[in-house]
Amino acid sequence: MIIIVKQNTPKEKVGELLHSLEEQNFKTHLSEGENTTIIGLVGDTSIVDIDSLKARDIVEDVRRVSEPYKKANRKFHADDTVVDVLGQKIGGGHFAVMAGPCSVESESQILEIAKNIMQSGANFLRGGAFKPRTSPYAFQGLEGSGIDLLLKCKKKYGIPIVTEIMGISDIPLFEDVDIIQVGARNMQNFRLLKELGHLKQPILLKRGLANTIEELLMSAEYIMSGGNENVILCERGIRTFETYTRNTFDLSAIPMIKRLSHLPVIADPSHAAGLDWLVEPLAKAAVAAGADGLMIEVHNDPSHALSDGKQSLTPSRFTEVMEVLKNYIKLEKKVIG
Amino acid sequence: MIIIVKQNTPKEKVGELLHSLEEQNFKTHLSEGENTTIIGLVGDTSIVDIDSLKARDIVEDVRRVSEPYKKANRKFHADDTVVDVLGQKIGGGHFAVMAGPCSVESESQILEIAKNIMQSGANFLRGGAFKPRTSPYAFQGLEGSGIDLLLKCKKKYGIPIVTEIMGISDIPLFEDVDIIQVGARNMQNFRLLKELGHLKQPILLKRGLANTIEELLMSAEYIMSGGNENVILCERGIRTFETYTRNTFDLSAIPMIKRLSHLPVIADPSHAAGLDWLVEPLAKAAVAAGADGLMIEVHNDPSHALSDGKQSLTPSRFTEVMEVLKNYIKLEKKVIG
Amino acid sequence: MIIIVKQNTPKEKVGELLHSLEEQNFKTHLSEGENTTIIGLVGDTSIVDIDSLKARDIVEDVRRVSEPYKKANRKFHADDTVVDVLGQKIGGGHFAVMAGPCSVESESQILEIAKNIMQSGANFLRGGAFKPRTSPYAFQGLEGSGIDLLLKCKKKYGIPIVTEIMGISDIPLFEDVDIIQVGARNMQNFRLLKELGHLKQPILLKRGLANTIEELLMSAEYIMSGGNENVILCERGIRTFETYTRNTFDLSAIPMIKRLSHLPVIADPSHAAGLDWLVEPLAKAAVAAGADGLMIEVHNDPSHALSDGKQSLTPSRFTEVMEVLKNYIKLEKKVIG
Amino acid sequence: MIIIVKQNTPKEKVGELLHSLEEQNFKTHLSEGENTTIIGLVGDTSIVDIDSLKARDIVEDVRRVSEPYKKANRKFHADDTVVDVLGQKIGGGHFAVMAGPCSVESESQILEIAKNIMQSGANFLRGGAFKPRTSPYAFQGLEGSGIDLLLKCKKKYGIPIVTEIMGISDIPLFEDVDIIQVGARNMQNFRLLKELGHLKQPILLKRGLANTIEELLMSAEYIMSGGNENVILCERGIRTFETYTRNTFDLSAIPMIKRLSHLPVIADPSHAAGLDWLVEPLAKAAVAAGADGLMIEVHNDPSHALSDGKQSLTPSRFTEVMEVLKNYIKLEKKVIG
């Protein structure tokens, strides 16, 4: 960590700051230039409150040199984390294909889709029971009974299920859910993250629309510091000025996170693009960029979906896309499952 | 609402769509051009699920013409909403000055600040008890006991208090809090918004870092549709590529929201700028742009604040800023309180 | 094009507007709703000045339904444009690999790099002679003599060359340059674009840091409307809040542009990422997303490059990357050259 | 400047880097921590090519501590620059009001507007002769004859004129123009900036849509390093995800630039907002935030303007706005002219 001292600060003031830092067990190094005095701070700076330090009256600025996350940091955990869910693995060469409808709508719908996506090669069933919607007047999901329908699919077909949680009070409903998803809007719902840190199920953490990669890793750190180290990260597009796509898919985030962290990273091309025909090229690109999995919306009747139909594939289109994707997954020397 | 039909769609397909829309009690108007066919949709389109409509196979795109919010919409509520809290009013010519520390740290700290800011002309005490922090290792606030300390100030000085809520389970602790704040990161925590819609206290809703003005109004709609129509909106900066300021203060949002909605709008120049010396010019500008109030961080010892000290004013600096601001408030023909 | 009329506009005012539009040979369709009146405008709306229309006192808003570009539009030119440069083709299944240093620095440097990249499979030599630099104190390129060195490579090895132009007055120096590049900062230097529209050489047009896909296509339209229809578009990253990467590579732009336009699209992963180790995953992803080519920075001694060394590959690393890329290009059923 | 050395770099490699930096007359300070080694670099680092340094194989990252601009830097030029144009001053307490149409359209139009805006208190006439338009099919301005019409106004009324230049070859036409404007799209047209550095007229430099404050100051540095130190900066909105306004007016840029630089800063609320009714609140806010002037679009018949009518004020509306603004200018202890 580097502390830049304000110009013309009296020497004794700098001395006081050095002293107070050393009392906190940091080693300090002083560089005095003609215009600028810099203090290098060495030790475990992840616990330093950078804001407090910045507020010192003699401090011009403070910059981190090392990352503020520890448990999620590859520097302290060189090997890929491999998440294992009912025998289906994610990370470390294992590729996950999570497919299903944006919203669970009915028993026949979700059973049919589950069967179809499994036949095409997907190994996780995704489906929304609790839906975060911008408008209070829009369909909010089947809630608890939506989870029951997903569990029926799990029981019938043995496929692990992934579904989104929106609040702490719903945790009991998620007892048999295999992967609990935290949506983009809740990426910094710290109260929820802390609670999920006490659970045993893997957490699928989606990147917020305006959140940096560092903030995503810090949110993973919230969950991991509670004891739950099975976190799967998901890039699903960030918000920019471009309007032709729903969001801007930040593909670079995939290899960047893989380098910074040992956690598996998947991509959600359906939400990133917001358009069905963009799913295939984005999915291929995500595989090529090193993703450990994909989350793809599939709906038996996109035209009549209760949410996000525009970005959903039909089961037959999903089958075609999977056939193409398998070549790319193979080229990356990964295996589904 | 306008529906743009895909090129070369057979007439009967268009007919089917028109028919299904009319069954939902919308009036439709068809414009057939050489390259483009457009359907105009008339009626209460705020309940239309735009995503479902977009997903129809013959639909190229759908665009809203009227706003998707109703209760927050000035079109249906021409007069300014005036929020009254213990006799202190916000909106309709009444200006609110909310001041206090980022975090409540101790009884002596908060009592001293409360006294100081009241003497300078502030009429609300703000202070964080539950603090949303990017890092799990940073100070998280005094939580329940922080609220107790704020209530002591309220009891001693009669000043109404404003503090942030982070989760539904904390609602009982907020029973005597005068204004409940929803922070930027929770602007789309819809579960929380719905619960707050059942309370009687005014809600101070901060704009999210990557949220549009329309989304802010939709989140207000969540609260209002639950029955709580006392919502105060707050502009506190959005996230852009600029790095010299912590966030980019979207000043235009203030007059824009005032035009679109009857709800009061305040500005938080401390968080928008992230730098103490920027608070005065931004606060003056917010008043000049029509804000109904300000939220300003004041700390008795910014250099040793447990959070956000860099952007806090000392009480004496706050007094100076208030003297300047009073001229601008007067010029806008508004009164504090 | 759709014109939304302000609420409570008198009928005769709407009639006047309709009349004036019809006089300009547009067909109009009127949809009158309870709250909203909409005029559908049919005909060649690419010539309509949307700003003038918006400024009419009875007009609330104007929205385009069809694209404002014509010559670049795939709707009017279904087949892929294939650009042919000295027998090397770009587009329509032909893949271009443009490699070379950010800046041409010396004869030995550029000759060595040219030889190396050709051996690895590149079919275009790129190198900067005129360098747009943020700082007036930074190295500005060898200018005219840099172009001479590129031409020596072309003469010696027969490889076509690509280099950036910064001003109209330099056009004579570019007479023997095979592809003239317009950099991101000049994407809306309309005077330059117009002049390039009168040349015969293909133009490589890079997307500006804050420009939409639509604006990129409009800038292509500037060149094409002057008579030069050989435009190659290039995605090289846009500016967002994310700081871990130099820019945010907007991968979706590649398939989006391919769908909207018949022009070839290439990607520049070196500038998008700003980091050498990110070039390979981004390049693979670009191929997988449908790019017609790549522009990659290669430098014989990145540590001592006069510009952008951090993002340059060494020739041996480039060889490795090319070996990997060839598998992806093959999977996409494309051929280099 | 701070150089962060990669982990596990051999000591002799660090020694070589130190040696090479010292040879360039920098003083260096080494801080060796357990995980991180930092080199502090002291001296005139504005000439350091940060990219070359970053590309060294042992360098992890490089961060500037001091600003890369010198001539524009307030640290080396404490007093406000006051630009004097025909006796009208800008900066140092002198406020400029530049008003006029987006485009010069005819002699009668521009003469009438000039007379009107002067009566309302404006002291500069602005008007576009060369217009940068996104579409090649839109009105491109009267060009040379537009400048002639502005000069007629100047001759008749004695008012100094401001108009935009789009290319180097047009410089001769600008000989009698009082302030030469560089538009947002040309902010990094470095060839143009360099040429303008050799002129005597003040340059009004507008911030680019995606350019940082630092880049704006670096572009000013381009002009100033050529010898022309009369640069006026202009905030006119940046590009963000918000769509209700044309651009996002970055108000904070005004006080930020005033602190970093001695150059005068004006605001253009017309372009920032894109909506006529937003001009007044944004203009008031800009004054309150410390702007040294305003540029406001005024058109005698906005409904029939050839460009940007939606954001233009009528002369009578401008008069009203000026009456309001004068109170704010007075409160800031500034005078027009």
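Just so it is clear, A, B, C and D label the chains in written order, and each chain counts residues from 1 on its own.
One rule holds for everything that comes next: a contact is a pair of C-beta atoms (placed from the backbone, for glycine too) under 8 Å apart; a residue touches a chain by one contact, two chains touch by 3 or more.
By chain, UniProt protein names: A, B, C, D = 3-deoxy-7-phosphoheptulonate synthase.
Keep in mind the model is a prediction, meaning the values are calculated, not measured.
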item	value
Comparison of A-C and B-C (more C-beta pairs in contact)	A-C
Label of the chain whose CA centroid is most distant from the centroid of subunit D	A
CA centroid of subunit A to CA centroid of subunit B, Å	26
Cα-centroid distance, subunit B relative to subunit C, in whole angstrom	39
Geometric centre distance via CA averages, subunit C-subunit A, whole Å	31
Multi-chain contact sites of subunit D, meaning residues that touch two or more partners	210, 238-241, 243
Residue ranges of subunit B in contact with subunit D within the complex	210, 212-214, 238, 240-245, 248-256, 259, 272-273, 277-278, 281-282, 284-290, 327-328, 331
Complex contact set, residues of subunit A against subunit B	46-47, 49, 51-52, 54-57, 68, 132-139, 166-169, 185-186, 188-192, 194, 208-210, 215, 218, 221-222, 225, 238-239, 302-310, 312
Sites on subunit A touched by subunit D in the complex	2, 4, 27, 29-36, 38, 40, 42-43, 61, 63, 65-66, 239-241, 243
